[in-house]
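Sharing a structure here in structure tokens format.
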């Protein structure tokens, strides 16, 4: 990927972490990767305050998904720390994070193909089985298609339907921090709207959200703050509005299509 | 302690006929499984039809040796066709069990009393290797080698031909797998549908792969029969195939020399452990063990050896750790 | 092929055989064993090893061979599914074995006979029953003391007919031992006027034998012949289960499964009246006691007598040939087994030999007289009958001795 | 049968001797030379109401040197003209078919137990465990140790064995397979490692248990009872009951319970399962425990219905694989259905094929079914695209 | 880089062809490359595809849109031989294609990509690309053994692949395993690989889902180039900006059926399409206040809907 040519645009670290003192979730200089010797994250920083909705955008292969996975304990962090409400959760196992109130929707492979829709959602509420009924009604209202098909195996669903299941699965619990990896991808415009609106609503209800999106404009519109990730580093930070209107960001990451 | 015997038998095993036979079987498996992703667990059947094709032609029909070899090859090719047509459309793990089943069927038929007149029942057939050794133009009778390491002229002849075939097969694999043809095979291993979508006839390539691997394995069957002077049905059981797979993984899947080196390791481990243990027991170093217990303990240790080798290097000797790290799921 | 005369009998199609290095004896008779420690025939291993061990013990107690104690190297023959036998032979040859006792399985023997005899070493099997070895090109070095199928089959067949079984079913293990014996029984029984209404060759490794027994049941035979090894206990269970017990049908067993240990757990009377044939003139009890001194864990005694005799014969032949070289031993094996003063143990025989006499060793497994092919020519078959305790007594009902060939 | 006349001639027809049977119906002829002879029974000398079975009154025995040779003329009451000969007391085709079907179910259920354990472990971890046969043997051997070694009755011994085997299964995953997974060992490498484990275990079993065949102390050689066309030992009926119960319970548990669903979720996608809050390692350990325990039960059942030997698991492993695959990989009820089909086919096919080839019939059926249903009987096709 | 005027001319040509066409489902096209008739595919009780008649104009860029689960992917599967239709017939270039196996379909010039990407994981990105090329001498067994026979062609293929990779911003990943690509990169590879085939008709299933907008934009230029070269493009996409930007014609599917056809501008104001698919707010607002307003509106609508449901 091309490095943003104006290195000056990259604010120094302290800027990323400005106001990070009372953050719910905070990452410091994460270095992580899949293969030995190849780092994908090269010192990313990030923090979210209670009740914030932040967006992460960036080119393909920048490491956005890797960042979320690293936070969630699915990629080995080689150095750096992740703090959740002051507790060090670096490399903690995913299921323990779930019990600490973190939820996650992966970008790919985000359903259990041989389980039915209903069972997929049940897995979403795995740690709070008592809540299943109530939450199921809730998500079924959001995505009526899912309720009709509750006995269909997720493996036979269309791409968009899977995405709905994935999103719904994360909504089955009421996490305090929600990590969403491209939740709107593959959804019809109508449902994309719904996803963004829901994200905002959940956020308003007090859930902290970190959202990775390629539907970058939409994302920046609704988020409080945004990070632009490039080559495993934070390239830009700012409020959603600032980033959405920054010409450099537009040129490098947003494109002008939607404007035209 | 007879270290010399332990050493010499170990060295013999490393370059001996076992390595040739299992190496060839494993080269075939490597083409099937390592490159094409076909979980063919019926490799022993290819060796069996080859061995029996040769034996029955020569012994029962009294035809010349060369005809026997041709019949063996044809039988292997035919088997690939018969086995492939119904099974190549199956998912990898289903293919595995169907090929095991096919191989077992073949073994049981070779073994049966019902067909004893042709295949010789559980004792198999013998007496078809005279012509092969008569063709020996390289070695006069005598012993060839240095000190305790050496073979007689018959073994030398077999090993010369055997290793020539092994190297030739390696060369063919090397050439093929660097070519676009090999690329299609590797692509099929990863995702058949993607390859279909790019206009390649997946079935045809799988069939070619099955045939090629089967025919290479079939040379293993020939050499088995030629060395031992006989073929028996139980030799070609599932064990043979399992060992071939173990060899492929030990050496490193989808590596040209993986199977050959894997076969060497396999047999060195087998012979070294066995003979060392036998000597230790015979000389009273392991007082609590009797001589009869050497057999099972040796196998147990060999099993342990495989486990440790693969735990230490799951990608095999030549394998690439990166390849393993890519989740195939 | 085969025979006591090496040079002249080798066939011209195998030029290499003449090159078999004529091992000059190194003074010590070294016996190699190639017997199953692992694999599907592993249960045959312990008694066979014990037989050889017992013989060796007695030989060495009697002063050894050619003035030196006999050495022994044990190796595993595995079964045919692995190529362990070939490895073992390599090791034995590397350690200069003069004679190799093994293998239990005919198939395994077939796969190594070329290698062993090609090295000028005696290949002596205590258990091979396949016809192949009679005609195989063995450079005169292959011998066996194995149970003589043909005679046993005839004796058993005759017994069945004499007991008035006009309908007979045969359940035979499907390998060269089982089918060979079954063929002989079938022929004798048919010739004798009874009808073989069902012949089932079963796979000894099968998960279950109910179908095989059901086939027998369908024909409701008067006599049922069980030919096999220890898996017979499964067949017996199945027979009882399906309503073909020994008190309603007459059962017959052979040396492979006539056992005093395999069925003792069964309810009393399960085997009452069942008859079994075992080669050998002597009641096996004494011999078995001695074996138990060698290996106290023995549960089965199949082929122990044959192995014991094999070791004794080799030692005697070496002593007679005054050489421990394989080819020399082979030339004398026939001589010591027949025609001369009868003797029954190594010590007895070797004393006669030293006194310059011609001897005729009569073993535990039978009189053992080798014919030209290296096969035993005469044998004695004992007929035993089980009692209420599912064991057979020391004393046989009768012994029949006869020529094997015919 | 007194007074029947018998003539002995040489093969060529040269008369040798004649004899007449005594009161017991026995006769005796001394011949000088070994060789083939011809023995003819004079049918006319038989009592009015008797005839030779099979009708043939000539026998050609071969007499060998030093041995006597027996000849038998079995007699039967003469059938009145037009009346069919008496039935010989055997079973009819349909009785046999019924019996074989029963035997098939009997065997199929044992296979199914083995298959269930295998399928559970395969399903959750993707491991094709070639050492599963040894787990079966192990279960049987542990039960044997308690039953015969410590003299505990078989039922408690079996329960202990199942518990111990479950614990061993747990330990196996805890100490071995789990560690391998943690290191990221691929499923193929694990499969080959399992071959190593199989070799190791089998030979250790031989070392400790010995190479011979053994039986439990209890329920050996139970005489059969006849129920309709079927004859079977009471233990068979008990075994079938226990097997079915276990299979159904486990199958339902897998479908309905939380852990069961979690197990299927882990099978599908371990990373996502973890993301849903499932403790993947714990689930896999439960499955290993259950799988090994069920395998042990299969071993006990196999030992009970047959005998124990250190290769018993290995010998049945192929059938287990066939059952699992035939039913559809990774589905619990598939394992049951597939195994039953395999079991029944093995047994019933012997109506037509020689028993030595009975596995051939079952394996051929496997191939044929997969031709038409490449995903197995209960398996589902995957979606493309 | 592309020649704007030329692209424009191709677009003009395409548009001209569509100019006076009726805006109804199944309308005949003057020069159809693909003609589909009565294709039906059912899964159990669900009719996933039930297309009565549809034609795709040669040399055009046609978008296929529709709500999730409308049957678009399943429709692709039928056409390309990856699934067997329960009924129906279709012709490509005048040749009947039903029952033709997938690889033959691809060879005849109709190539598709997969929505759920199929990267060939343990092949490098470059090998993935090379595999796409057709008529390779070295792909026959015997020729493969003699490298001189295929070396030259291989070099040409490599060159072409490199160009495409550069365009798709994958050149840096050239020698990495495809299995190590990120979600978006896989999409890119999937499309680039399909283009290696040089098909007449390329069928892209959501090619840009998950691809960075800036890159999407530059790739659209490439797609327009393809049209320029005479290629026909049929693509499924949920990104309306993209549909609007490049498509000449839009086909709308819902519940397996084609419910509307027309040029992008008309379609997007079609009541039924908005209803079934676009929703009220597909023209995303850019300002905070507007968004707020919309949010409330949406909420209200949702609530109303919910109420309706509960009342039922």
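Assorted remarks:
Each chain gets a letter, A, B, C, D and E, in the order it is written, and its residues are counted from 1.
Please note the rule applied: a residue touches a chain if its C-beta (ideal position, glycine included) is under 8 Å from a C-beta of that chain, and two chains touch if they have at least 3 such contacts.
Since this is a predicted model, take the numbers as computed values, not measurements.
Counting only chains that touch, the fewest steps needed to get from subunit A to subunit E is 1. Looking at which two chains touch through the most C-beta pairs, you get C-D. Remark: subunit A and subunit B have CA centroids separated by 51 Å (rounded to whole angstrom). For the pair subunit A and subunit C, the distance between mean C-alpha positions equals 76 Å.
Put simply, the C-alpha centre of subunit B and that of subunit C have 33 angstrom between them. Chain contacts: subunit B has residues 108, 111-113, 193, 293, 295-296, 298-299, 322, 325, 328 touching two or more partner chains. Annotation for subunit E: residues touching 2 or more other chains are 73-74, 82, 114-116, 180. Each of residues 203, 206, 354, 356, 359, 384 in subunit D touches at least two other chains. Chains that are in contact with each other form these pairs: A-B, A-D, A-E, B-C, B-D, B-E, C-D, D-E. Subunit A makes touch with subunit B in their complex at residues 34-36. For subunit B in complex with subunit C, the touching residues are 2, 5, 8-9, 12-13, 16-18, 21, 108, 111-113, 116, 121-124, 126-127, 130, 133-134, 141-143, 148, 152-154, 228-230, 232-235, 237, 239-240, 270-271, 274-275, 278, 282, 290-296, 298-299. Listed in rising order, the residues of subunit E touching subunit A in the complex are 43, 66-70, 72-74, 115-116, 169, 172-173, 180-185, 188, 206, 209-217, 220, 238-242, 245, 277-282, 284-286, 288, 291, 295, 298-299, 306, 309. Across the interface of their complex, subunit D is touched by residues 38, 40, 42-43, 45-46, 154-155, 158, 161-162, 164-167, 174, 191-195, 200-203, 205-212, 214-215, 217-220, 230-231, 233-234, 236-237, 240-243, 245, 262, 265-267, 270, 297, 299-300, 400-403, 406 of subunit C.
For subunit A in complex with subunit D, the residues that touch the partner chain are 72-74, 93-95, 98-99, 104, 106, 109-115, 119, 122-124, 126-127, 129, 153, 155-157, 169, 173.
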